[in-house]
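Shared chain: chain A. Partners: chain B in the first complex, chain C in the second.
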Partner chain A sequence: MSRLTSGGQIDRTQPLRFSFDGKSLAGFKGDTLASALLANDIRLVGRSFKYHRPRGILSAGSEEPNALMQLGLGDQTTPNVRATTQELYEGLIAASQNRFPSLAFDLLSVNDLMAPFFGAGFYYKTFMWPKSFWEKVYEPFIRRAAGLGRLSGKADRALYDKAFAHCDLLVIGGGPAGLMAALTGARGGLDVILADEDFAFGGRLNSETVEIAGQPGAGWAAQVAAELAGMANVRLMPRTTVTGAYDGGTYAALQRVSHHLADPADHLPLETFWRIAARRTILAGGAIERPIAFANNDRPGVMMASAVRSYANRFAVLPGQRISLFTNNDDGHRTALDLLRLGADIATVVDTRSDVVAMGDYPLITGGQVTGTSGRLGLKSITVSRASGTLKVATDCLAVSGGWNPSVHLTCHMNGRPVWREDIAAFVPADNAIPGMRVAGAANGDFSTHAALSAGAEAAAEVLGDLGKTAPATVIPAAEDAPIRLEPFWHVTGSKGRAWLDLQNDVTTKDVALAHRENFRSVEHMKRYTTLGMATDQGKTSNVGGLAVMADLTQRSIPETGTTTFRPPYSPVALGALGAHGAGKDFAPSRYLPSDALARELGAHFIEMGVWYRPSLFPQPGETHWRQTCDREMRMVRSTVGITDITPFGKIDVQGADAAVLLDLVYANTMSSLKQGRVRYGVMLREDGMALDDGTCARLGEDHFVLTTTAGAASDVFAHLEFCTQVLRPELDVQFFSVTDQWAQFSIAGPRSRELVSGLCDEDISNERIPYMACAEVTIGGIGCRLFRISFSGERSYEIAIPARYGEALARELGQRAAALGGGWYGLEALNALRIEKGYLTHAEMTGQYTADALGIGGMVSAKKDCIGKVLSQRSALVGPGKMELIGLKPVSPLKQFSGGAFLFSQGARQVLGNEEGHVTSHCHSPSLDHVIAMAFLRDGRSRLGEHIIMKDNARGIEAVCEVCAMVHVDPDGERLHG
Partner chain B sequence: MVDLVAKSPLSGLLPRSAGQVTLTEAAPAFISSIQARQGKSSALAKALQASHGLTLPEVGKVTAAADHRLLWFGTDQYLLIGATPAAPSLPEFAALTDQGDAWAVMHLVGAGAAEVLARYCPLDLRTERFGIGQTARAPLADMPAIITPIAQGFEIMVLQSLSRTAVHHLHQAMLSLAAQASLI
Partner chain C sequence: MRIDCPNCGSRDRREFQYLGTAVLMDRPAPDAGEQAFVEYVYFRENPAGAHRELWLHEMGCRSWIVAERNMGSHEFASTRLAADVKRGAK
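Then we have the complex of A and B:
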């Protein structure tokens, strides 16, 4: 065991069991999976992406490239979980990834021997021919050989959540700068959100031995966090990564809600995806330590120096028995001092600088470089070169520090480019890269604890000033203020073996050199050619190193070489979190009919039309095929009476002295001439001349109309009316309001419909009083209703609109009365087929791509007045020869079914694209005719009645000869509608 | 004569509660839309003042009398809630429609009500930003809604046909937040 007997911020009273690759292990509450693995002396934790190289834990944070785990079992397993951020819980099950059959013996590590062939861009060059092999052979093989974790292939049953939050000040990062900023802002009266990706606030304070105001940094952090937690104007968000910066002060954040729980309660989401709108933001995201590239620097046991301090100080784990250090700055020495204090054995400290002295009692090699390592599954020794020669040092852990890179990522999300600071040899955020955002602390290159504390307080004071508040008097607590002492050193050159830059994507300095040799020298090209920085860690530990190598090769400076673009998200976000609230049926809202409960009682089948759930069929016992039900329902309507719920049709109440003027403008036909108590069918055009929607317009009073629209176009028509009245004719005295949901509406159609309706209404509804296309106010059971005598089935038909609260009761009443007359309910299938029999348009024709003329209702476009769309509907291509015209089709010889979308070809024409002359839109079986019929668009169709034409559907393999015919198949003279 | 029984769109769906939050039906007796006729805004204001003791609310505001309220709904558009538009002269100045059956009206109340609503609604729900006397038309999980702060919570109005979806989403969030409240 590498666990120290005391110290750290783990809770030794809460021991936890967990398993890794089937082995049962012990840890404590407060451990991460990574610290617990190290405490159990497990150093080999994974295999690399391409070469299957043995890999160990590199870091102690979200930047981790190596220690990715498959968590959990079965169909709810989660791949690519970073062991360094995953909190340990009782019963956690982790497995290593990308190895077969086992982590220590991995067959595909043969890839590593083939490395000379697998360099950057190898597959672009290698797998070129034969062409079909890419999809069939190469890609599946590469996908199998390379990779990280695996998905189960089953639906994710976990709950995810999404939420909005608003604040005056969002503080990103809860280290010394962030805590000080949040405290200052909150004490100044701002609504503050403090988000940190860790489960404990404090940032590096939890991992270092620095003191603040005379107490340990971690203790100070806990104290400040507790004060903040007690303030009503502060929302603390631990386990929350701010993943993106967007316009208008909006930030995306991912909160891990229950990843750390052994037995999450019901209804608890796994993660919540936040959209946070902040008036001001302070980025205090800290910095990420960068490695130095040297030969075979990827062995398990080679770690970041900051990570070694984290494991030792925070988790009380020594990651090695005999630890060595490789550094170009003072941090390496701090690591040695911390380790000495904990009683660790220090093999050596190698410093690339010549002018340094040891800060304590440890062996120091100045002006040295680590040029190689040994140990296949774990570090055994390092080779050190210095002026006096080469030295081999036995060690099982090498802590590396190449300096620190401020976490500039979020400042680049709106195209900001970071700025190079020579004194710290690092990129820092550009000023005002994100409107409303200030950067404080290590994220801005202020690396000392004192500098971070002051910068945090100062940034918050500025925000308070911006927002018109007074900054409270703030005392910056005393803390170390060590200067940065660093000599830039990026990679060891001239030694044998591969020096790794991007550990997750297996990119070495040689790959960068290859990119350079092949002229992929722009960093953006180099990135894509080598895949450096393109893995799930987005190159947090490798980007700057990679471009330093490229800078060397091109003999340019690092700032001249430039950086690649950081994009959201900062760290991976599960698609489940982005899609929260949208799984399954929650994808879209559902609208239900007033008669929904009744239809379900009757065993109706439902269909989604837009977001409405409408019955498609009301099957009766013994009916085994939908066509039996549909045909019966159609015959019922044509012979007795059928009822259907048409509430989804849009209903718009239009009033005002100029209501008729507006309607004459928006309808192609004239509505101002409509008499009170009458209804007219109407069609609206878009400005471009295409039909927008059809429906009815009823005149209830001199200045009062009710329009109906098709269900799908209700909101389009409403928006169109708003545009017309707000933009085109704002002077009109017109008011309109949607009453779609106010009224439940039912259609009662069939020869016996009047019998049914007259029994219900308290008024006389005789043909004399309510003739075809009349409307009237009636009462049913004392309830004020509207009665419309309109039809879309070709039968005598009424529509009753009743206040929605009575919809279900009326539906039940209608159903009983219809049954008594030998009728009943019919669904959408029958409704559409009844329309097609009559040649009435359906949504399949009214697609927004055809003019009124093409739809066969060109005569409705009034010659006597202007209307929206009239001019453009008369463009030459829309009126000349060869224009599309809607016609009917019937089979010449027995045909099972027409095919929606099938092309029409002239007989004898080659059946190739370009020769088609139209296509089938709607089709159905007509029980009245006992054969199938269809509607179709056909060039010059109306002058081709009687012509035989080929219907061809290549997708379904249907071909048939049909006859072009009139669209109206039933009651062509409309006698049934009247009387 | 047939006897038709009224049924609320929320019938059988409410009340629900989880944690400290409850969702109840709060159907008012009447809802009407009132739209000022062209150039008649001030005449409408006078008429409403005289008949209902209500001033026309500004954008995003509510004016209230003892048992009825006027919600701003859009430019020159209002919802009168709790009373029928009484004055006979009103139609001279405004177009009226009955909206009493169009909306499902719910009260989401209790500590954490704002957190529940924030799951689906992008409004800034902090009391000092959105308090009593204000109202907003805002999306609620892809549904058009009217959100109005009330004591300890919010009145939520959605189109009656969407009531099932609205209750489903709000209840899921109530359960989720009740579960999250027990986390440390």
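Then we have the complex of A and C:
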């Protein structure tokens, strides 16, 4: 065991059991999966993406490229979990990825021997022929061989949530800079959110031995976090990664709510996706240590120096028995000192600089480079070159430090390009890269603890000033302020073997050289050609290194070569979290009719129409096919009486002295001339001349109208009216409101409809008082209702609107009365077929692509007044020869069914795209005619009545000769409507 | 993105529906001719800078709003109720 007997921030009183690749292991509360694996001397944790190289833990944070795990079992398994960020819990089950049959013996490691063939861009060159092999052979092979974890292939049953938060100040990162910023801001009276991806606040303070105000840094961090937790104006969000910066001070953040719990409560989501609106932001996301590339630098046991300090200081684990260091800066030496203090054996410290001396009692090689390593499944030795020659050093852990890259990621999300700072040899955020954001601490290149504390306090004081508050007097606690001493050094050249840059995507310095040779030299081209920086870690440890290698090859400086950029998300976000409450029934609201319960009692079949659940059929015993039910319901309406719930039709109540003026503007036909107590059919156009919607307009009073719209267009029409009254004609004295939900509405249609309705209403509804297209306010059982004599079936028909709370009671009453007359309920199938028999329009015809003229209602566009869309509806191309016109179709010889969307061709014409002359929009079987009928658009259709044309549906393989006919198939003179 | 609704204050962009240029406020006179309407309906400037445009606070107070937004930076310079702007223009 590599666990130290004391120290660290693990809780030795809470031992935990977990398993890795089926092996049961022990750890402690406060461990990550990575620290617990290292404590169990497990160094080999995964196989690489492309070459299946054995890999170990590199880092101790979210930048980890290697230690990706498959967590959990069965359909709840999660792939690509970074062991370095996963908190350990009792019973955690982890498995390594991308290996078969086992981690130590992986068959596909043969890929590594084939590496000469698998360089950058190999698939562009290798798998070119024969063409058919790509889909059948090459791609399946590559997909099997390459890859990370695997999905379960089953539905994700986990609960995800989404949430919104608002604050004055969002502090991203809870290290010394972030804690100081949050504390200063909160003490100054700001509403503060402090988010950190770790489960403990403190950032590097938890991993270092620095002191703040005379106490250990980790203790100071815990103390500040406790003070913040006690403040009402502070929300602490541990385990929360701010993943993206967006316009107007909005940020996306992923909170891991229950990934760390052995037995989470049922109500807890796995993750919550936050949208945070912040007036100001302080980015204090710290920095990420960068590796140095050298031959075979990917062996398990080669780690970042900062990670070695994290495991030693925070988790009390020594990652090796005999540890060596390779550094170009003082951090390597600090690591050696920390390790010595913990009793570790230091093999050697290799420093690329010549002018340094050891800071303690450890062997130091100055002006040296690590030129190679050995140990197939774990590091055994390193080869060191220096001026005096080469030597081999036995070691099982090599800690590498190439300096630090500030975490500039979020500052790139709105096109900010980081700028190069020569003195620290690193990119820092551009000024004002994100409006409202300040950057403090290591994220800004201020690496010492003192600098971080000061910068955090200062940034918060500036924010307080911005927001009109007074900054509290702040004492910066005493802390180290060591200068950066670093000699830029990126990669060891001239040694044998591959030197890895991007460990997750298996990109080496040779791949960058290949990109250079083949002239993919711009940073963006190099990235895409080699895939460097394109894995789930987005090149957190590799981008700058790749840039440096390209700079060397092109003999330019790094800033001349290019800059690095990062896109959201900072770390991967599960689609389940992004789509929280957007799956299944949560995708859209479900709306139910007032008569829904009754329809279900009657055994109706339902379909979803937009957000509404509407009955399509009311089958009766013995009916085995939908057509039987539909035909019976249609015959019932045409012979006795049928009732149907039409509540979803949009209803808009319009009132005011200028109501009629507005309606004349929005309807193509004139509504101001409509008499009180009358209803008129109307059509609205868009300004481009195309039909927007049709419906009815009833005038209940001089200044009071009620409009109906198609169910699907209700919200569009309403917004259109708002546009006309607010944007075009705000001077009009008119108010309107959607009353779709306030009124339940039923259609009672058929020859016996008046019998039914007259028994129901308290008033006289004789044909004299309520003729066709009349409306009136009536009472039913003392309830004020509205009665409209309008029809969508071609039969004598009434619509009754009743306040919605009485809708179900009225539905039951209507049903009983209809049954007594030999009628009953009908569904959407019959409703639709009845309207097709009569040539009435729906949005199958009114798609937004056709004018009123094309729809056969061009005559409704009033010549006497202006209306929206009038001018452009008369453009020459829309009124000239060859325009589309809606017509009816009937089969010439027996036809089973028309085909919606099928093309129409002239007889003898070649049936190819471009020759089509129209298409079928709606079709049904007409029981009245006992054959199928359709509506269709056809070029110059109205002048082609009687012509035989071809209907062709290539998708369904249907071809039939049809006759062009009038749209109205039943009662063409409309006699049944009247009387 | 956040939008300042003159009635409701700063709100998430998702509450709003975008329509397009505020040129749509100036509907040509009925007798202005076909070309005037073609330009009104179809012809648009696409400046990499300041742009006056119409938004509907659809999931809020349902006001049409005239916003001045920088199309490069997405920064809003101002937001006013379209009805107020239109009345003021008269």
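The rule is short, and it goes like this: the second predicted complex is superposed on the first by the 978 of 979 C-alpha atoms of A that agree within 3 Å, B and C clash if a C-alpha of one lies under 4 Å from a C-alpha of the other, contacts with A are read in each partner's own complex, and residues count from 1 in each chain.
We adopt the following convention: contacts are C-beta pairs under 8 Å (C-beta built on N, C-alpha and C of every residue); 3 or more make two chains touch, one makes a residue touch a chain.
A quick note: this is a predicted structure, and the numbers were derived from the prediction, not measured.
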Touched partner set for A:Gln897, first chain B, second chain C, both or neither: neither
Contacts of A:Asp688 with chain B and chain C, given as first, second, both or neither: second
Touched partner set for A:Thr209, first chain B, second chain C, both or neither: neither
First (chain B), second (chain C), both or neither touched by A:Ala719: second
Partner chain(s) touched by A:Leu872 [first = chain B, second = chain C, both, neither]: second
In the superposition, chain B vs chain C on chain A residues touched: B
Partner chain(s) touched by A:Ala277 [first = chain B, second = chain C, both, neither]: both
Partner chain in contact with A:Thr842 - chain B first, chain C second, else both or neither: neither
Which of chain B and chain C A:Ile783 touches, first, second, both or neither: first
Touching partner for A:Glu731 - first (chain B), second (chain C), both, neither: both
Chain B/chain C common contact set on chain A: 164, 275, 277, 731
Residues of chain B that touch chain A when the two form their complex: 1-9, 33, 35-39, 77, 94-95, 97-103, 115, 118-126, 129, 141-143, 159-162, 164-166, 168-169, 172-173, 175-176, 178-180, 182-183
Chain A residues within the chain B interface of the complex: 159, 161-166, 191, 257-258, 261, 265-269, 275, 277, 581, 586, 588-593, 612, 647, 653, 655-658, 731-743, 760, 762, 780-783, 802-810, 813
Complex interface listing, chain C residues touching chain A: 1-3, 10, 12-13, 17, 19, 24-25, 27-28, 30, 32-34, 37-38, 40-42, 54, 56, 58, 62-64, 73-76, 81-84, 86-87, 90
Sites on chain A touched by chain C in the complex: 164, 246-250, 275, 277, 435, 687-688, 719, 722-723, 726-728, 730-731, 866, 870-872, 874-875
